[in-house]
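Look for chain A in each of the two complexes below; its partner is chain B in the first and chain C in the second.
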Partner chain A sequence: MRLYMKFFSMHMKSQMQYKLSFFLTMIGQFLVSFAILLSLYFMMSRFNVVMGFTYEQVLLCFASVLMGYSLAEMLGRGFDLFPRMLGNGEFDRALVRPRSVITQVLASKMDFTRLGRILQAAFVFIYAVPKSGVIWTRDKILTLFLMVICGSLVFFGLFIVYAAFSFFTVEGLEFMNILTDGGREFGRYPYAIYGEGILKFLTYFVPLALFQYYPLLYLLDIEKSKLYMFTPLLSLIFLLPAYAFFQYGVRKYKSTGS
Partner chain B sequence: MIKLENINKTFRVAKRQGGFARAVKALFSREYEIIHALNNVSFTINDGEMVGYIGPNGAGKSTTIKIMCGILTPDNGICEIDGRTPWLERVAHVQHIGVVFGQRSQLWWDVPVVDSFELIKDIYKVDSSLYQTNLDELTELLDLSELLKTPTRSLSLGQRMRCEIAASLLHSPKILFLDEPTIGLDAVSKIAVRQFIKKINAERKTTVILTTHDMQDIEALTERILLIGKGKILLDGNLAELKKHSSERKTLIVEYTGKAPTISEGMTVSEAKDGRLIIVLDPTQLSVSEAISQLAAQSDLIDVSVTGVSSEEMVAALYEEYSI
Partner chain C sequence: MKKYLAVFRIRFINALQYRAAAAAGVATQFAWGFLEIFAFSAFYRANPNAFPMEFSHTVSYIWLQQAFLALFMMWFWESDVTEAIEGGAIAYELIRPMDLYKRWFAQSCANRSARALLRCAPILLIAFIVPKPYRMGLPPSLPQFTMFVISSALSLGVVVATSMLAYVSIFYTLSSTGIRSVFTTIVGFLAGEYIPIPFFPPSIRAIAELLPFAAMQNMPLRIYSGNIAGRDALWGLAFQVFWLSLLIVLGRLAMNRALKRVVVQGG
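The block that comes next holds the complex of A and B.
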C-alpha cells in the first residue's frame, strides 16, 4: 500500500509537468460527460418517467455508475492500457521486480484527468440526492456508498479481463468496450429498462446490475429487503474469475513470450 | 553461481503466407511452425565472473537471458541461480538480480532521476542506509551528481544509460544482466560505460552477463565468451581461444614512393593504387618482419601498418564456420 502511494505521487508529479494539457483534458472529460447529462435531461423532460423512475432518480443511477467507472478508470488505467505495456516490453520489467504482477500493472498508469468526470458525478449527486425523494437513513447512505465502491471494483474487474485477453490476442479487443464503456453509457438508466434478458445477463454473467439496479430498488423503497442493500457486495465475486483469468494469462505469457 | 543444464525452449509460431485467399484460410485453420529457440543449452557461471554472450540476431540470446531472469519458463531442463529456480521463485530470485535492457528505460520520463531511484528503493525494499551508501558510491563512480536532479527526458542517451545502470544496482544485486548496454552510444559514452562495468565487477564482485553486438565491448570487458547460434552453445572460452578459430592472416598497408615492389610468395595484393598497396600476408609462409624487410629493400617506404584480424571479422568468420 505504501508502494502504491509512492507510485501515486510519482504519477501526480509526472502529470503535473504538463499542467495546461492536464487541465484542458480534465475540462474536456467534464464537458463530455456533461453532454451526456444533457441528453439525459432532454430525454427525461419529454417522457418524465422511465419505468416509474423519475428524472432525479435516474440521475442517481447516472451519477453512481459514472463515479464508479471514473474511479476505476483513474486508478486502474494500467489494465486499460495493458496491451501497450505488453507490446513495449514494460511487462518484462514488471516480471523482474520482486513485487506482485497485479500491483505493478495497477500502479503502472494512473490518469488524474478523470477527475473531470468524477467532479461531474459529484455535482449530479449534490443535485439528485436531495431531490430524488429518497428518505436518507444511515442504511441508505451506506447503500449508495456500496453502489459506487463496488461499481468501481466491478469495472475494475472488467479492465482486468480486458487486459487478460490481450495475452492471447496481443491487439486490444474492442468487443470488451461494450461492457466497459457500454456499461457506463447504458448505466445512465436503470439496467432493467433494457428488458428481462439483458437484466439477467447483467445479473448473473457480468454483474453490472448488482451494484446499480437492485440497490436502487432498495433506495427507492420499492424493495424493502436488506438483501437488496447488500447486492453490490455480491457483485464482487466477479473479481475472482477475473483475477484467475489474468493469472492464467501471465502463465501463458511466461511459457510463450510475447 | 549460475547453472544451466539442458535447457530447451520451443516456440509455436503461426505460419503466415502471402495472398488474400491464404489469409482467409488462415482464419479458420492455422498452420504452426515449431521453432527451437534453445537446444540443450548448458553452462555454468561462477560468482564474480564477467561473461560476454554473443551470437547473431535470433540466435537465442534474449531467450536465455529471459529464462535466467524468470520472465520465461523453459520446456525442460534445469536452471539454478544461487540455488533458486528463477521461474518457480520469481520474487525471491529477482531481488538478487539487476537487469538492464539497453533499448528500454526503467526511469520515469518526466520526473528527476533521483525520484525514480527512490521508487526503485521502495520496490526492492532497500534499507535506507544501504540505499544511501549505494547511491553515494554510484554517484561517484558514474559521475551522476549533475544528472540526479534532471528529468530523464532531458538526458542524452549516454547519460541515461549511466543512470539506467545505476538504477539496476541500487539494491546491490549479486548478478547483473546487461542486454546491449552500449547500443546507440557515442564513443566517449561507450568507453565510460565499459569502464564502469569493469569497476563494478572488480569492486563489488558482481557477476556480469552481457549480450552485445559490439565486439569492442567484448574485447574491453570479458574474459569469457559464450557463443550461441541457432539455439546451441557453440563455443565457451576466452577471446584467445576464439581467435584460434580464425585465420592468423595479417593485413599490411604500405605507402611508398617510386617503383612498386614486387610481391613474393606468401603475400597477395588485395588493392593497389599509385603509392599505396594493401597486402594480405600469411604468417605461416612468411613472417611479418621478413615481409617488411623484403619490401623495404625494393622501394622507399613512407609508412607501413600491420593489422591482425579484427574481432568483428573474427566473429563474422565464426558465424560462417558454424553456418549460423
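The block that comes next holds the complex of A and C.
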C-alpha cells in the first residue's frame, strides 16, 4: 500500500510537469461528458419525466455512474493500456518482480485528467441531491456512497476483463466498449428504461444495474426494503470471475519475445 | 485531378483491409444503436406529443447514423495528417508535386468511405429485419432516396472540410491534444451526433439549423426518412453546397497562410 501511494504521488507529479497540456486534456474530458449532460437536459426539459423519473432523479444516475466510472478509469488506466504492456514486453518484467501483478499494473499508469469528469459529477451531485425529492436519511446517504464506490469497482472489474481478453486476442477488443463506454453513456438514464431484457442482462450478467437502478429505487422510496439499499454490494460478486479470468490469462501467458 | 483520384483509390483499398476490426465494430455499433432507440422509445412512451419527429423517422436516423458512423462522425480523426504536422513529416509532403489540401481531402474521404462501406451492410441488414417499431423504414420515394445519396456525399464533404480547418489550427498550436476533444465535441453536438437537432429546444434549434454543422449528418439522415422532404430537401441540398464551398475556400486560405510560415521541427 505504501508503495502504491508512492506511485500515486509520482504519477501526480509527473503529469503536473506539463500543466497546459494537462489542463487542456482535462477540459476536453469535462466537455465530452458535458455534451452528454446537455443532451440529457434537452431531452428532460422537453419530456419532463421518463418512466416516472424526474430530471433531478435522472441526474443522480448520471452523476453516480460518471463518478464511479471516472474513478475507476483514473486509477485503473493501467488495465486500459494493458494490451500495449503485453506488446512491448513490459509485462514480462512485471512477472519477475516480487509484487502481485495486479498491483503493478495498477501502479504502471494513472490518469489524473479524469478529474475533469469527477469534478463535473460532483457539481451535478451538488445540484441534484437537494432537488431530487429524496428525503436524505443516514441510510440513504450511505446508499449513494455505495452506488458510487461499488460502481467504480464494477467498472474496474470490466477493465480487468478487458485486459484479460488481450492475453488471447489483440484484434476485436472493440466489443468491450459497449460495456465500458456504453455502460457509462447509457448509465445517464436509469438502466430500466432500455426495457426488461437489457435490465435482466445488466442485473445477472454484467451487474451495472445493481449499483444504479435498484439503489435508486430505494433512494426514491419506490422500494422500501433494505435489500435494495445493499444491492450495490451484491454487484461486487462480479469481481470474482473477473479476477479469475485475469489469473487464467496470466497462467496461459506466453511472452511475445524480446 | 487524376492523382487525387489515385490517392483516394490507394487509401480506400488500404482501409478495406481491416476487416476483423470492422466485425467487432459492427457488433458494438449494432448494440449501441439498439440502446439509443430503446431510450428514445422510453421518451416516446412518456409523452408522444412532445416528440418532435415521427418515431419511425428517429429510428431511421439512429440506424443510419450507426451504419454510416465513419462517414459523418466528427471524432474520426486523420491521425496521419496530424502526426505529419506534429512530427515534421510535413516536409516530405511539401516537396511532392501535389496540392496538400486536395491530397488530404481525398485521403480523408477515402478512409471514411472505406470504413463506412465495410461496416454499413451488416448493420443495415439487421436494421431492416428487426421487429416493427424498431425496424428501419424504406425511403418514401425514389427522388427522396436520390436526394439522400447526394446529401450524404455533400455531408461527407462538409465534415472533411471542417476537420481540415482543425488540422490547419495544429500548424499554430503544434499539439493536437486538447484541440481534438474540444473541437470534436462542440462540432459533434451541434451536428446532431448526440441527439438529432429537432430535439433541441426551439430557440437553440433555430440557431443550430443555420450553422455549417447542420449541413453534416443532420441533412442526409433526415432526408432519408422524409423528415425533410420535397422543396425543403432541395433547399437543404443548396444549404449544404453553400457551406461546403465556403468551408473549402476558408480552409484553403487558412492552409496557404499556415504553410507560408511553416517551421519544420527537428533535423
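Heads up, the rule we're going with is that the second predicted complex is superposed on the first by the 251 of 258 C-alpha atoms of A that agree within 3 Å, B and C clash if a C-alpha of one lies under 4 Å from a C-alpha of the other, contacts with A are read in each partner's own complex, and residues count from 1 in each chain.
The criterion applied here is as follows: contacts are C-beta pairs under 8 Å (C-beta built on N, C-alpha and C of every residue); 3 or more make two chains touch, one makes a residue touch a chain.
Note that the structure is predicted; figures quoted are calculated from it, not measured.
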Original post:
Put the two structures on top of each other at chain A: do chain B and chain C fit, or clash?
Top reply: fit
Subject >> Broader residue contact with chain A after superposition on the shared chain, chain B or chain C >> reply: C
Original post:
In the superposed arrangement, which partner chain does A:Asn48 touch: chain B (first), chain C (second), both, or neither?
Top reply: second
**OP:** Have a look at where A:Gln57 lands relative to chain B and chain C in the superposition and call it first, second, both or neither.
**Re:** neither
**OP:** Give one of first, second, both or neither to describe whether A:Gln17 is in contact with chain B, with chain C, with both, or with none.
**Re:** first
Subject >> Touching partner for A:Leu173 - first (chain B), second (chain C), both, neither >> reply: second
**OP:** With the two complexes superposed on chain A, say which partner A:Leu38 touches: chain B (first), chain C (second), both, or neither.
**Re:** second
Original post:
Looking at the overlay, does A:Gln29 come into contact with chain B only (first), chain C only (second), both, or neither?
Top reply: second
**OP:** Check whether A:Tyr189 is in contact with chain B, with chain C, with both or with neither, and answer first, second, both or neither.
**Re:** second
**OP:** Take the Cα centre of chain A as the vertex and report the angle out to the centres of chain B and chain C, nearest 10 degrees.
**Re:** 90
Original post:
Taking the superposed arrangement, what is the smallest distance in Å from a C-alpha atom of chain B to one of chain C?
Top reply: 10
**OP:** Overlap the chain B and chain C contact sets on chain A and report the shared residues.
**Re:** none
Original post:
Which residues of chain C touch chain A in their complex?
Top reply: 20-21, 23-25, 27-28, 31-32, 35, 38-39, 42-43, 46-47, 50, 52, 175, 177-182, 185-186, 188-189, 194-195, 199-201, 204
Subject >> Residues of chain A touching chain B in the complex >> reply: 2-3, 6-7, 10, 13-14, 17-18, 88-90, 92-93, 95-100, 254-257
Subject >> chain A-touching residues of chain B, taken from the complex the two chains share >> reply: 11-12, 63, 66, 69-73, 87, 90-92, 94-95, 97, 99, 101, 104, 106, 108-111, 115, 118-119, 122-125, 151
Subject >> Footprint of chain C on chain A - complex, ascending >> reply: 21, 24-25, 27-29, 31-32, 34-36, 38-39, 42-43, 45-51, 171-175, 177-178, 182, 186, 189, 193-195, 198
